[in-house]
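Presented sequentially are two complexes of chain A, the first with chain B as partner and the second with chain C.
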Partner chain A sequence: MAAGNTYVALASNTLSSAAASVTFSSISGAYTDLVLICNIGASASTSVNFGFNGDTGTNYSTTILTGNGTTAASARTSTASNSTDYIAFYTAGAPSGLTGSMIFNVMNYANTTTNKTILARSGSDSKEIDLVVGLWRSTAAITSIVIGMQTGNFITGSTFTLYGIAAA
Partner chain B sequence: MAIAYNFIASSIVGSGGTATVTFSSIAGTYTDLLVKISARTDRASTNDYFSMKFNSNSANYSDRSLYGNGSAATSETGNSTTAAFMFAVPGASNTASAFGNADIYIPNYASANYKSVSSDAVIENNATAAIAGLNANLWSNTAAITSVSFTAIGSFIQYSSFYLYGVLKY
Partner chain C sequence: MTPMLGIMASQISGHLASGAYASIATATVGSGGASSITFSSIPSTYTDLQIRAMAQGGASAAAINVNFNADTTSTAYWHLLYGTGATAAAYTISTAYIQATTLSSTANTNMFNAGVIDILDYANTNKNKTLRGLSGYDANGSGTVALYSGQWINTAAITSIVLTVNNGTNFSQYSHFALYGIKGA
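Let's look at the complex of A and B:
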């Protein structure tokens, strides 16, 4: 039996103007996992957040391992609750140009039995580099993802591409 | 539907080893590049590293790293601008037959913007001095990337493998 295409581009957004957030909606449940690839710049020194299905309740938590080129640290956020503080990536800062890269992996996103886990790495050569594990305490299938800046905007030219990974 | 994840080329180091592995003539038809590496060097070191260059260029690289060795976490800013510094690969003093793994992602490699790189790598020594690390690199050059080379301080030993993939968003 021929192998199927297991890594499928679902949607992509290249910003033609600065934007505070980007949303991928109507995500099909036909895949096993999701991968979101971002190549970004930011207009302010701040954090990047993301959330699922428009949920701004106290349903998110993260643990982060971070380094700024001098020191390493780890921090934790529990029961993050609002639209500007659910999952924070303390990385984007205000690099000049599109110097930030982020790779988000969302495992088993379409199941309706378990809470959803993310594993992500992100970094900029002039800011921080992070490894993040996150949890969304919801058994709902993920049908939309929003990624945004706490303050300021993603700069023009920032790219966001969502891939689906199929088990078979 | 287009295949998003395309194999481009591979290099498996043969007997005698090699100091540098290069992928050249990379088409600009993909969105991103991904390199999967399993490697080990012949340098008398437990934890070694290697460098990466684009288009044979030796200028305008910068990086930050974050890594842990089982007892402490450290973050550093690279002090070399002539190549991208890349964690991590076992050297000759590491546990025999232990190879390190690295996953290097280069988004928008053919664009006219500067090129950022996100990578992770791991060495497991089955003893001490294992390393798990992340790198953020930037090549401050607007040229499309058409070649990528990886250079060890000594040589990559036999069976080290390098696989290059192109990722399409459409």
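Let's look at the complex of A and C:
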């Protein structure tokens, strides 16, 4: 491995117009982990969800720890058609255009032996801070990721950058 | 029962790189499992260390414990904020190790825990060492997600790290651990 080539930017996308989803495809299997860093705004009160390899079956689940400035809570989704609630945005009536940030880790994404576990921390100051673990019940190597809004769009200027991390 | 030998990650593979985020060593657990993972001879040329793990322990395993420099006597303190999918809670304790991440168990077939552990200013000899852990596993109907912080009451530079399963069981086959060094400007 070349020196300085351990944490590599694979692709980035800054939205020039509003979009309901963003897809990273043809992801190289040459790394150990993937890290996706997003700074996004929402056009509606909603949450962000993820899917892998175009799978829309009920093969996703999440466990969430959240704090809203007053209380801490935990919740779960099971047997879902995508991984949800990675960033929860503002509730109805809050100012529009507020942004949220997220760092999304996909561990050992290219292995073909185990199901895939995803770890994310995210926050939207208008809503809450979240720590989320997700499961995709598939042993397939991840070659594409789609990030979508539950409702509405990502606003113009939202940024998405995908990195690969290589191990020794 | 014959104890399983631990994996010495620095003896399996590893190299030094000159990048700002450099891969130092990696360990992947083979068939039969491993009772511990050891990263040894860690160079002091970085500012921080990061361990990235995808792991599973034996029956009823729940967490990964960390010891530095083979020290099993110094006091350590750690805090935990966690969610079970139904409730959120917090916990603190003083032990001779730091609990640094959650851990999936063999009850969750083929479902592994994800963890990222940051060890800050690990080579400094003037202050106690602090780590933070971000971790969780989901098993489609069960699971835990957690934030950890821990402090090792020792000012020695960290030169080795041992990871073990909280209940003494083995890390499962396919568990994967990678140690990285992060340089400051």
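Going forward, the second predicted complex is superposed on the first by the 147 of 168 C-alpha atoms of A that agree within 3 Å, B and C clash if a C-alpha of one lies under 4 Å from a C-alpha of the other, contacts with A are read in each partner's own complex, and residues count from 1 in each chain.
The rule is short, and it goes like this: a contact is a pair of C-beta atoms (placed from the backbone, for glycine too) under 8 Å apart; a residue touches a chain by one contact, two chains touch by 3 or more.
Note that the structure is a prediction, hence the values are computed from the model and not measured.
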- Superposed partners chain B and chain C on chain A - clash or fit: clash
- Task: May I ask you to decide whether A:S12 touches chain B, chain C, both, or neither, giving the answer as first, second, both or neither?
- Result: first
- Task: Report for A:L65: first if it touches chain B alone, second if chain C alone, otherwise both or neither.
- Result: both
- Just chain B (first), just chain C (second), both, or neither: which does A:N108 touch? second
- Query: Looking at the overlay, what does A:R76 touch: chain B (first), chain C (second), both, or neither?
  - Reply: second
- Name the contact category of A:G123: first (chain B only), second (chain C only), both, or neither. first
- Pick one for A:A167: touches chain B only (first), chain C only (second), both, or neither. second
- Is A:L131 in contact with chain B, with chain C, with both, or with neither (first, second, both, neither)? both
- Between chain B (first) and chain C (second), which does A:T159 come into contact with in this model arrangement: first, second, both, or neither? first
- chain B and chain C footprints on chain A, overlapping residues: 5-7, 65-67, 72-74, 121, 131
- Query: Mind pulling up the chain C residues that touch chain A in the complex?
  - Reply: 13-15, 17-26, 52-54, 81-88, 90, 110-116, 134-141, 143-147, 174, 176, 178, 180
- Under the touch definition given earlier, write down the residues of chain A that touch chain C in their complex. 1, 3-7, 32-33, 61-67, 72-76, 78-79, 105, 107-108, 111, 113-115, 117-119, 121, 131-135, 137, 139, 165-168
- Residue ranges of chain B in contact with chain A within the complex: 1-5, 31-32, 62-66, 68, 72-77, 105, 107-108, 111, 113-114, 116-118, 120, 134-138, 167-170
- In the complex of these two chains, what residues of chain A are touching chain B? 5-9, 12, 37-39, 65-74, 97-103, 121-131, 157, 159, 161, 163
